[in-house]
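Okay, so subunit A shows up in both of these, paired with subunit B first and subunit C after.
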Partner chain A sequence: MKALARAAEAGFIGCRVCGLVCEAGGDDAQCPRCDAEIRSRKPYSLSRTWAFLIAGIIAYVPANVLPVMHTRSLGDSHGGTDNTIMSGLIDFWKNGSQGIAALIFVASIVIPSTKIVALAALLVNAQRRAPSGSAQLVRLYRMLELVGYWSMLDVLVVALVTAVVKFRGLSEAEPRIGILYFGLVVVLTMLATLSFDPRLLWDRRARRG
Partner chain B sequence: MAEEPIVAGQPIVTRTRWHLPLVWIVPIVCALIALSLLARHVISAGPEIHVFFQTAEGLEVDKTQVKFKDVPIGTVTGIKESDDLSHVIVSIDLHRSASMFARSDTRFWVVRPRVGLGGISGIGTLISGAYIGADPGKGGHKATTFTGLEEPPPVTSASHGTQFTLHSDNLGSLDLGSPVYYRRLKVGQVVSYALDSDGQGVTIGVFIDSPNDRYVTRSTRFWNASGIDVSLGADGFKLSTQSLASVAAGGIAFYDPPWAQNERAPAAAGMRFELLKDESTAMEKPKGVPLYISMKFEKDLRGLSVNAPVEFVGVEIGKVLSISIDYDPKTQHFPIIVGAVIYPLLLGRVFQDEMTSEPQERSRRIAAMMTDMVGRGLRAQARNGNLLTGQLYIAIDFLPRAAKVAFDGSAQPIQIPTAPGALDNVQQEISDIVAKIDKIPFDSIGQHLDQDLSELKGSLDQLNKTILPDASRTLADARKTIQAATDVLSGESPLRQDVQRTLDELRRSARSLRVLTEYLSRHPESLIRGKPKDLPPELAAPGDVAAPAPSPPR
Partner chain C sequence: MRTYPGLIACVNCDTLSERPTLARGEQAACGRCGSVLLRTGLNVQHLLALSLAAAILYIIANVFPVIGITLNGAHHETTLLGSVLSMADASAAPIAVVVALAIIVVPALQIASLCWLLLFAQAGRRAPLFNPLMHLWEHLYPWSMVEVALLAALVSVVKMKSILHVHIGIGMWAMAGLVVLLIGTVHRDVRSLWVEIAGAAS
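This part shows the complex of A and B:
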């Protein structure tokens, strides 16, 4: 890939809000036109991303271990069952709703874990001195943003089921603490994606050069 | 605008600050939350226990709950078979708050729908599925391995009441949960039973619910109220039952005997009672010290059975213990030896003092008393208690006319002389009469009678031939004579008319005589002077009367 001119090298910074090109200055600079902070790169991008990612990974554990939903149907007058993401998925699969099971599997297991792995890959690559496949990494980054919209599917399922399945006495469903952690995972990974500055991927080459 | 150079905007530098990567707070907070969750899980996790069951029917991993009073206290986390395949091992995670259930005397059982004679239970589990019931013990040490019960325990630790121990020869028709009745009210149930270690009896645990357990006193008698009690003895036919349910399912009843008024202190928990076989046995008075007696009967004792009553002047004071045959080489008879036990206390207060003294003294006194009583005619008799069934009982009674016998009061057991029974006497007399009748020479009497009768017949023949024709002839003559007499006496006969006329004449004569007599009584002078002129008309009128007037007076 041809080396293109970069604003940072030319001593300019583009305001991320209004697009005004400013001279590169100190750290705490403001856009003269819109008062937005202007920075050549997102500050502490890598460390913030790492922080959010690690928090997400930590939250991912209780999200999968703790029950996300409590269902109770006629007969289990006292017990009812707590379902974790995985056990609910298995129930769906066993009860013949393989489609829904697959959907939940993709939305609740594949996407979050993929996001976490992908972010980790981006971060590692961004810090590596020897760059490789920047274009693929960028594509991965775009895909992350795209997929992020759908990460909340599981939370929505629980919210919907809880609201809809409320036949007093016959069957009831209630959210459990696990879904909070799952939501946290989604939010944290989105924050991690946001705080990651893809421009760092190009900076590596510049540094090398 | 064109001449002005394009100047890049000057960023306004306000401050220079070293930035702490505050964002790291996020993962730290996350980690703290996760750690706290982990810690809470570790802390809140109760002990894991293992329960052995015969079968895992109805149990599901991660679904089946352990409940105490319907409150979940744990969940089944694993089911696996034991190494020897004889039972299943159910792993249970107890909640932290339920860690007191991990004690050695806690009981676990599977609650399933059950239908029994005692009722129906666990219907709810038909829909919700089985669960494991738990009942915490009161003490015990920490334990993680339990043997589950196959049946729900009839009494849980939460039920208030008192447990008592009964002892019996056999279990009868009792079972776990069999009711215990007090005044026909169900107040408790059988909670356990086990064979004695020597196999010679059964120990039964009963649980009496509070507050009715206070009616169990030191003097309380328990009896088996199972089924229908039918007895046939010298005292007749008896049938008794406690309740219809106990007929089917068996049961125990208890009651304070009415004579034990002064022993009404409540019994201590776990007190041991004897389970008696029926109500009448249970309600018997305490009999005091037994006295063993033996009687020798020379007659056949068909109808006498072991446990037949021994009565003294009509009051039952003991029972027959044994009936055996002896051989007497002197008389070459087979007398029957009846062994019996009597309870002298039942004879009244006379024996109270005798029986409470110490054994040596007691037997000496009894010997003296018995010698005295036998001297006054105390005898044992086998009497017929029930003519219908032919059951015999032993009656001990004073027979003033009994023949004197030698009596050794110090013999053990005491040998009470016997006398033939009242019915035996009757039998004896009847046989005597029969013997006398037997002695009457009916044959010769018959022969003589026959002879006499033939002679009589000869006389009668003679009578017929000779006397009867004469007699009939004589009778005909007599009839003729009577006829003649009748003719003479009849109204038309001349004799009768003559008689009539003569009588009339006689009557007239009598009347004239009377008139004359009256006249003379009034006029006695006429005898001398004759009839005056002024004759009263009544004297002048009847001319014929005046004719015999001159007849002389007497």
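This part shows the complex of A and C:
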């Protein structure tokens, strides 16, 4: 592990799927081992990541403002309560489950918002003519890959609770539109993370094009 | 096209390294950015055993209820599929597709393709559809959320237990076992099949 040459500069491409290092050829070359298209960088990485990220930011507002679940206590013929992500979290706290409240706070509030800010920071950095590629930025990206999908927690909680709290066909808990937007935020930011190519953080560009 | 099986290019910073020879359980890190380049884990036989066990637990997790509740003698319970259908039945319906993929479809495809690939690998052969299935595996990987579903089931129990009598179903125990098998073992070692099976006949 002595030489620190980079594959693109040496005229090589590491296959994204199977990892085989190949000689860089045309744009539509196939990996001889796994048949995947081999490309030096993920295609249109920056534009795609921005697109998914911006869509995610747009969905982020209704996801947090609109109710995600509607609950009625049994025998209550009128109304019921609409719960947002935040009000569900506060209920846990008030009912003495501070640990669960903290868990949901991390999964539903901290992770999505941090992800949005971190992806924007990575994008801005990768777009610079001489990006400051560093082990820290790669670690940040790896972190986004690893923890991003845990935000789906609240969606799955709503799915399970609304499925089980039903009496004689009468549903006492129903999903509300907010959970759709919340799920969209998670999916869109996951797609943004997958579209981003961390190798761009290390590429020096002669001229921005 | 010339290929260089003796080299590894880091997926996170594109730095080339020589492919090291590792003992079981060792891993190699990139000299520039610190990402894991290569790790060795379980051999094919162990992976196969775990995948088959995962397949059995997957079936149990889907057939049996995950959570049940009792209130004034009325009883109701739900399976994983039930939770998907509950989402499909309301204004938020499109998200049911994501939930179905994350907790039912993707894990099923992953476990089934793994068992298929490993059964052949165990016999020293390259499974029919080896490449497409390995590609499928690679693309599905980020979307499997059994572990999140398990945590969600536990959170749901706590959420309802103040007003209802809640019981944990066999499905949840099976999910717990499945998560251990998937996270602890299967998730990390599959890529090594590219190298181990590369030259094998089909």
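In this section, the second predicted complex is superposed on the first by the 181 of 209 C-alpha atoms of A that agree within 3 Å, B and C clash if a C-alpha of one lies under 4 Å from a C-alpha of the other, contacts with A are read in each partner's own complex, and residues count from 1 in each chain.
What we mean here is this: a residue touches a chain if its C-beta (ideal position, glycine included) is under 8 Å from a C-beta of that chain, and two chains touch if they have at least 3 such contacts.
If you're wondering where the values come from, they're calculated on a predicted model, not measured in any experiment.
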With the two structures laid over each other on chain A, which partner does A:Glu145 touch: subunit B (first), subunit C (second), both, or neither?
second
Which chain, subunit B or subunit C, is in touch with more residues of subunit A?
C
For A:Thr81, using the defined touch cut-off, is the partner it touches subunit B, subunit C, both, or neither? Pick first, second, both or neither.
first
Using the superposition on chain A described above, determine whether A:Ala59 touches subunit B (first), subunit C (second), both, or neither.
first
First (subunit B), second (subunit C), both or neither touched by A:Cys18:
second
For A:Pro32, using the defined touch cut-off, is the partner it touches subunit B, subunit C, both, or neither? Pick first, second, both or neither.
both
Interface residues of subunit A shared by subunit B and subunit C, listed 12-13, 20-23, 25, 29, 32-33, 74, 184
Complex contact set, residues of subunit B against subunit A:
8-17, 19, 21, 23-24, 26-27, 29-31, 33-34, 37, 63, 65, 67, 70-72, 124, 127-129, 131
Where on subunit C does subunit A make contact in their complex?
1-5, 7-18, 20, 28, 31-35, 66-69, 71-72, 74, 76-78, 82-87, 90-96, 98-99, 102-103, 131, 134-135, 138, 142-143, 145, 148-149, 151-153, 155-156, 158-160, 162-164, 191, 194, 198
Contacting residues of subunit A [partner subunit C, same complex]:
1-8, 10, 12-14, 16-23, 25, 29, 32-36, 73-74, 88, 92, 95, 97, 100, 103-104, 133-135, 138-139, 141-142, 145, 149-150, 152-168, 174-180, 183-184, 187, 190, 194, 198-199, 201-203
Listed in rising order, the residues of subunit A that touch subunit B in the complex are 12-13, 20-33, 38, 43-44, 47-48, 51-52, 54-56, 58-59, 61-62, 66, 74-79, 81, 184, 188, 191, 195
